[in-house]
Structures are given as C-alpha cells and as structure tokens.
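Chain nomenclature is as follows: A, B, C and D, assigned in order of appearance, with residue numbering initiated at 1 for each chain independently.
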C-alpha cells in the first residue's frame, strides 16, 4: 500500500541553532521511498547520516529568524502478511547478535526493574506474536490514554504505576515488557494513517521469527499505514528535532494519506497543537 | 605500551543457559590485539559478532554442569599523546552524525535530568579535555568510592544525590554530565592496569577533537593501561556475561600486566570477589 | 484474648549513642497492658513520651560497651467482632478531623501517585471492610513475599512495579491504596502471634465506621494476635530502635504466646536473624 | 509587629464536594490572633479541628454552584530576638520526645537518602542557627527559583538533582538536610509580608535551643512578617484546600500588610495567578 506523507515544522530561531532533524521516512526493509523532498527555508546547507537502524539524520545550522522544515514523500509499505498465530519468538540462542542490544534496558524502558511483573503477568502465555499482542491488550486495558498526563521524563516505570500516558509512554511500556521477556524490542516514531488528530505517532517493534513486527498498544492508528521515521532504543533516539542553541517552535503540521486517495499527491497539511 | 590480559569466569550451569559473553578486547582504533585466545570448557560451539562500537560479543549455549570461560590476549595500546590543554570540544555542528546518539540519555545516564546541575557547575569552565577533567575531579571529590553502596539499578540520578558508588557509578555520572553539556560520551568496561584488587573496571570516553578520549573519575587505574572490552551507551551495554537460563557464577579471575614484565607472557590469574 | 510478649535487643555500643526505643505495646483502645517491664542493661536512666497515636517512645543514652534492652508484657486484646460485611467507610464529610492527616501521602506511601491505579483496580468495589480486604487480597496475589527483595528505601511506588517485598512493603502498598481511595490508613509494627519465624511484624490499620481496623496483606500472622507497638504514617514512624551515635546490633529476639499456653508467663525468647 | 492578612478562594463546584480548608493563622506560640473572621459564601455549616502542631482545619460540604472562602485576621507576631550566633542545636538526648518525629523522613523530604550529601556539605559547620543559615544559603545559591519547574510530585530528592524549584521545593530541601543532620524540621505555609507577587508562601522551621525558628531559603519574604497557617511534616500536611468531590478553582487572592499601614485594617486583596 502506498502513502504520501508530509510534515512542516516552523521555528523562530533566536540565536544560531544547530538542528538535528529526523522527519524523513526511515530506510527500512518494509518501506520503500518512492520519492521525497526536504525543503528548508531559508535554504541551508545540510549534512546527512543514516544510522544503523535506518534512522536518517539531517543537520542544519540556522541563523536567527524564521526557519521552516518541510518534508514530503511517497512511500510504499509492504508489511508482513504472516499469520500472527504462526509467528513465534526467536530463542536468544538463535537471535542475530546485532539484535541483542535491543534486549538491554534503556532510558525510558527499565526492563530490568519490570522483570518480575512481566513474568507474573505474561510469562505463562504462549510465546510469539500472540504474547506481544496480549501485552498490547493489557496496556490498552490498564493504562489511560490521556494527553498531558506525562512529560519528557516519564518512563515505563512511572507509567506502570501511574496508569496514564500518551503514545510514547504506551510504546515504552510495551518495549520494557518485551525486553524483560527476552523479546528484542525497539521504538519507532511514525507518520500514522487514520490517527486523529494527525500528529507524529510512537509505536514499537518486536523481533519475531527473523523480522521486526509493528505493534501499537494505543490502537489509534492503522498498523498497515505506519511510515516509520526514527527507530531506536526508545524516544531518546527518535526526536523529530533536537536543537542546540535557542529556538522555539511556532508551528507543526503532519499528514499522511493513501496515495490513491489524493489527486495531486499533495495532502493538505493540517495544524498540530504544539505541547 | 603492550599488555597481556586474562580473565577466567567459572559457572555452575543448572539448566541449559545461553551466555552472551563480552570479555574480549574491543576492536578499537587505539588498541591492537597482537594475539588472543578464548577457551570454553567444555569446548562449545560459539557465534561471534562485532557491534558497531567495536564491542565483540560471543554466544555459547551451555548445558548443565561446570562451565568455564578463559580469555588471554596480548594487546598494544597507543593512547593519545596530545596535549590535554589543546584538546577542545567538537561543536555539535561539526560532530560526525554517527556520534550524535552518544548525546542521548540512557538507562543509567539521565543527562536530560542533570542538565541544569551540569550547566551550573561546569558550564562556565573552559571547554575541552580540561572541562571533562574538571568533571572527573568533581566526581572524585564529591562522591565516595564505597563498595556495596550501589546496585545494578543505581543510576547517575541516584549517585548525584547519594554521593557514593563504585566505578560504574562514577562513569555513569561522568557520562551524564558530559552529554548534558553536549559532549558525546560512552561507557567502557576494561582490563585495568594497577587496579587493586584486580577486577573488571568501568571508565568512560568522550569525543573530543575527532577522537574518543578516556577518563577515569575513580583515579584507581593507570589511564595508559586500560584495555577496553565493551563500549556502549552505559553499563547496560557492557556486561561481561549475560545469561538466559539458570547458572550461577562460582569464580572469577582478572589480570593485566605490562608485556615486558612477564616472562612467559602468562600472568598469574588472581581471584576476584564475586558480589 | 491475652498474650505475653517479649523482645530482647542487644547492641555493641562503640561511641556514646542515644537510643530512641519503640518496643513497648502501644497505648491503644483495643489493647490493654496488664503488666509490663522494661529492663536496660546496664540500667540507664530513661525518658518516656507517648505520642498522640499511642506510640510509646523511650530514650536512653548508652555509653560504649554492651547494651541490652529487654521488654516483657502481658496484653489483653479485644479486637472488633463486627461483621466485616457491615463495616463501611466513613465519608470524608464525617471523618473526625484529627484522622484526616492519615489521608496524606507519606515517605513510603505515595498515595498521590498511585491514585489512578487504585481507582481503576478498586474504585468500583463495594466500599468498607470488604474493599480493604479486596486490596489485601490483591497485594497477596500480585506481590511476592521475598526476603531481601527490598530495603529501607523501598516505597509503595517501587513495590507496585517490582512486585516483591516483605511485610513492611506489603503494609505500605495497602496504606497507599487506601489513602488514594480516601480511606484513612496508618502503619503498625507489632508482636505477631503465629508469625514464623518470630520477628517484629508490619501490618496496617484503616479507619472504618468510627474505629481503626487491622489488616495484614501478608496473611502471615493471626489478626487476633497482633500486639501493636508503633503506630504512625509509615515505617518511618515505627522503627523499634533509632540510634544517634555508633552502635551495632548483635542480637535480637522476639516472642509472643497466648497467655494460657504459657505456664510461667515467660515465653522462651527465640533468636531472630538480623538483617 | 502586627499584621492584617486576608485570603479569598473562589471555586466552581460541579458535584457535592467536601473541602478541608487550611487558611486560618495557626495557633502557635509566636503568633497571637487578635481578631479574625472566616466567611463562606454560601454560608455553610463547618466543622473545626486544631491539630497538635497548631494547624487549624475547617471542613465544609459545598453543593454545586459558586463557592467562596474569605478569611481576614489581625495577627501579632513576636518572633525570637535571640542572637543567631548564640542559638545552638538541641542534642537528640535533650530533645522533647514529641519533637522526635520531625527527624523522620516524609513524602517530600527523604532525609534518609540525602544523609551522605548533608554530612559532606554541612557536617563540619558550626552547629545551630548558623548551620541552618548556611544550609539556606547553599539552597539559595545552588537552586534556581523558577516557576513551573516543579510540580506536586517533586521531592527534595528531585530538587537536589534538578536544581530548580519554587518555595515549597526550597523548603523541602532545607527540611531534608536538617533532618539528615538530626535537626528537627517542619514545613510551614504562610502569609508572607513583602512577597511579590502576593501568594501563599512556603518556609520551614527548625527546632533549636528549645523553640522552633523560621527559615526561608528563597529570601523572598521578610522573616519577621510570616504569619504561619499550616505546620506539618511537609507540603502534604499543609494544603490550603483539599477537595473530595469535583470542583475547580476560579480565583485566588492573598494579602498581608503591617497593621499600622492600613487605615481601615482591610487590605485590598490582589489577584494571584492560579497554576
């Protein structure tokens, strides 16, 4: 299925600021970038780098004044069509060793401290895609999706107690549970079809039977319509913009639409509230 | 300078256990492995993988019974001989983008939460190697090195309040301060010359003027005698052994000696207490 | 029902140390002290004070050398014999105002942060003794009683995530849940009949229909055989001994027996492990 | 010195709500209430209770609609005029035992975890009023006073790391340090002369040489013009209003002025921002 995605970030730069941007669709096995363009206004020189996981970083140095970043792309997604019931967990003895670091705890996913809980609650379930789905169902049923209930310091440890959060908190908790059960898991930011209101969306992926599979415990977006952007240990690795200097965001728009639904392949960007 | 290093880990395996071992000298620019051998007893098949940072993982699946891992190597170190006063910080605008993830907070190094402290205490100091040295001096002077004062859950956040820890806590705090100041920093486990009693040792590295430089806020080992093993975001990435199964450690020995001091190039392994 | 209780604490005092002791049966509505004696060896002058909740503090200043505290008492307990099903919660509008502070969060019982969880899990249950019993059942079923799994810094917040603890952790979690639901709750240390091995025991009390009722989510002791000692906000208010100086505990014995079971009314003190 | 104080709280009550109010000047040794009146609109029946520390609680049950609380009082303060240099610490051996609970850690003042820091930083200073002043100076110099930098969950532990907070965080940190050094300390909310903008203010008190002395590490108000309201373990014990039901604050005004400065003894109430 093909999608057209777009985002526009607007800033007021007060002092020279280095931006590390991560808004471009990631270079991943399951998504093919058919076309894309990134426009900076003013037009600044950029550096680019693709991290090992497929995350694509762009750096620009903006001088004081208005600064805008606009990205548009057409992306073809070919998500797995495996029968979930047939997808098992890969034993640690068989995991590719480069996947092993995704079993480690990270800033927002203290899998080491959630281990007993994860084993008590999910340890006896049939392993594989079904178990991760059960984890997502548990999160959906036991954590309230509530804007403003968490902040940039909130971790899976907190969410498990406080029982409220937003998409990134849901993803962190899912990741922490999976790692505690020896299922490699990673965080993904995304353009998310059918998410209302439109915004960047956080989901997670698990390594099952030789590939990374997507999960969204919020149930807010269509899994077959997730164009991933940043892929990493947790949200610390997937900020859409990291700034070194002095700048404030003044506007943000995000959109995604199936390609055949848009005439001119140029979706209308809709405004997103800025927290 | 050349060193011979060795370690021996002994386990009693109770149920089939997957070991992910990380005891071999890392593949790094400043250390050359002249020779090495890894012996498992019983002799098991292994998988190997070198992570991007140079960390070398070995996996073995041990059946119930005694299991031993012995590693011996000769390593040539060519640490920097730059004048510390001349080593500056690399502006974020000029950092290789692959180094940028080492500015992110991690499990044990919540640089996001220590930012104000770091700026207040170290923000006005002259940047570069001198500033990181000042950070190490501060840690040495303000945190007590005290065995048993911390555990596997202790993070830089805790150490900053509790003011006690061991080498890994000292390294975590140094890393968190540096990242908060936009200096890329990473954790390194090591064979540490002159460390008494001999043990694996944790230090950290900062990216300054184009290369990673070593720092040891504990001042317990000789910087020119650190053979690095695991290099990563923090201690979560550098365990000498991670076990999936049921096994208990029954003995551990670690040694390092300058190569010209040892006649037969086979240092005597000395016992290390097992926490 | 009548009980004879005893405890003996032995210390090696290294420097002059002020002891604040709290081993005597509390002055409470449901327990009558028939006789008691407190012996210090050497025989030191003491100060006494009874706190509002009934906790009785004794202060002594011990000089270097051996120091022993022995307490023996006969106590009659007249616990409630109300039908649990008939015991409701007292609406906040009707609570005695002196009880209101027991709705506040405390060091180990962060009821403010556990509120959403408590409401989700217990909010819809029929109020009163039955609801607190359901809370105790939940704790018993969802937290492992495991010696050594917690320490003096462990709070209800941690226990809810880590799912392991000892009696004081079980009590703290129960208190936090109750306060979050506007049920006044307080901590009680106790001599606990049938507790094996014998030791001081932590339970909690809730204010229901005009009186404080006992609950023990560990199910390790007989509720009708709990002689309360320290009553307060949480464990911070109920230490059996707080020392200001330099002394180490060298022995501890605790005992309790029904009065008619003991011939000479002098139970044999049995040793208790010192953590 | 005499002051006239006033406060007005306005609420929109949506469902029947129990209010526990704490806006009246506390019944304390150093402040004499010359006259006072509390007006509720609508005029509701109230219950009153004075807690042991002198905090005066008022309870009212408000039905849906507008609800206002207005308090006006004239208070004479007779603060200590001892020479600070002569005020020593009371040894634990000599403390009134009812003061001992103010050495215990509390929800927001984890003195148990800050002990090493407190000893390192303040342990060697001359004891007494001077030491507590040094603690206040340290807080003033090392923590930024920054509105919005903390929230109702922020504790002394966090403030020590994050180095920012508001008056209640400054007070909590001071309390935690003092308790760690065996100086009894308690929290006090207050009407604070010369505080700009006018608002309720949080300070703390230490027990020195037989009495409680005031300290304000924010240096934002005049110590001789603090009319205390709620006195307790920490902010958990001193909320100006606790609500059980469903109501939202719609307005708040606080004022204080020296009595001889006001003609009609009725200070003009000025609006206070509602967080």
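Quick note on the criterion: a residue touches a chain if its C-beta (ideal position, glycine included) is under 8 Å from a C-beta of that chain, and two chains touch if they have at least 3 such contacts.
Since this is a predicted model, take the numbers as computed values, not measurements.
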Tell me, which chains sit next to both chain B and chain D? none
How many angstrom lie between the centres of chain B and chain C, each centre taken as the mean Cα position? 45
Between chain A and chain B, what is the separation of their C-alpha centroids in Å? 30
Note: chain A residues in touch with at least two other chains are 113
Those chain pairs meeting the touch criterion are A-B, A-C, B-D, C-D
Which residues of chain B touch chain D once you look at their complex with the stated criterion? 113-114, 116-117, 120, 142, 144, 157, 160-164
Contacts from chain C onto chain D in the complex sit at residues 18, 20, 47-49, 51-52, 57, 59, 61, 91-93, 96-98, 100-101, 103-107, 110, 112-113, 152-153, 182, 232-233, 236-237, 242, 244
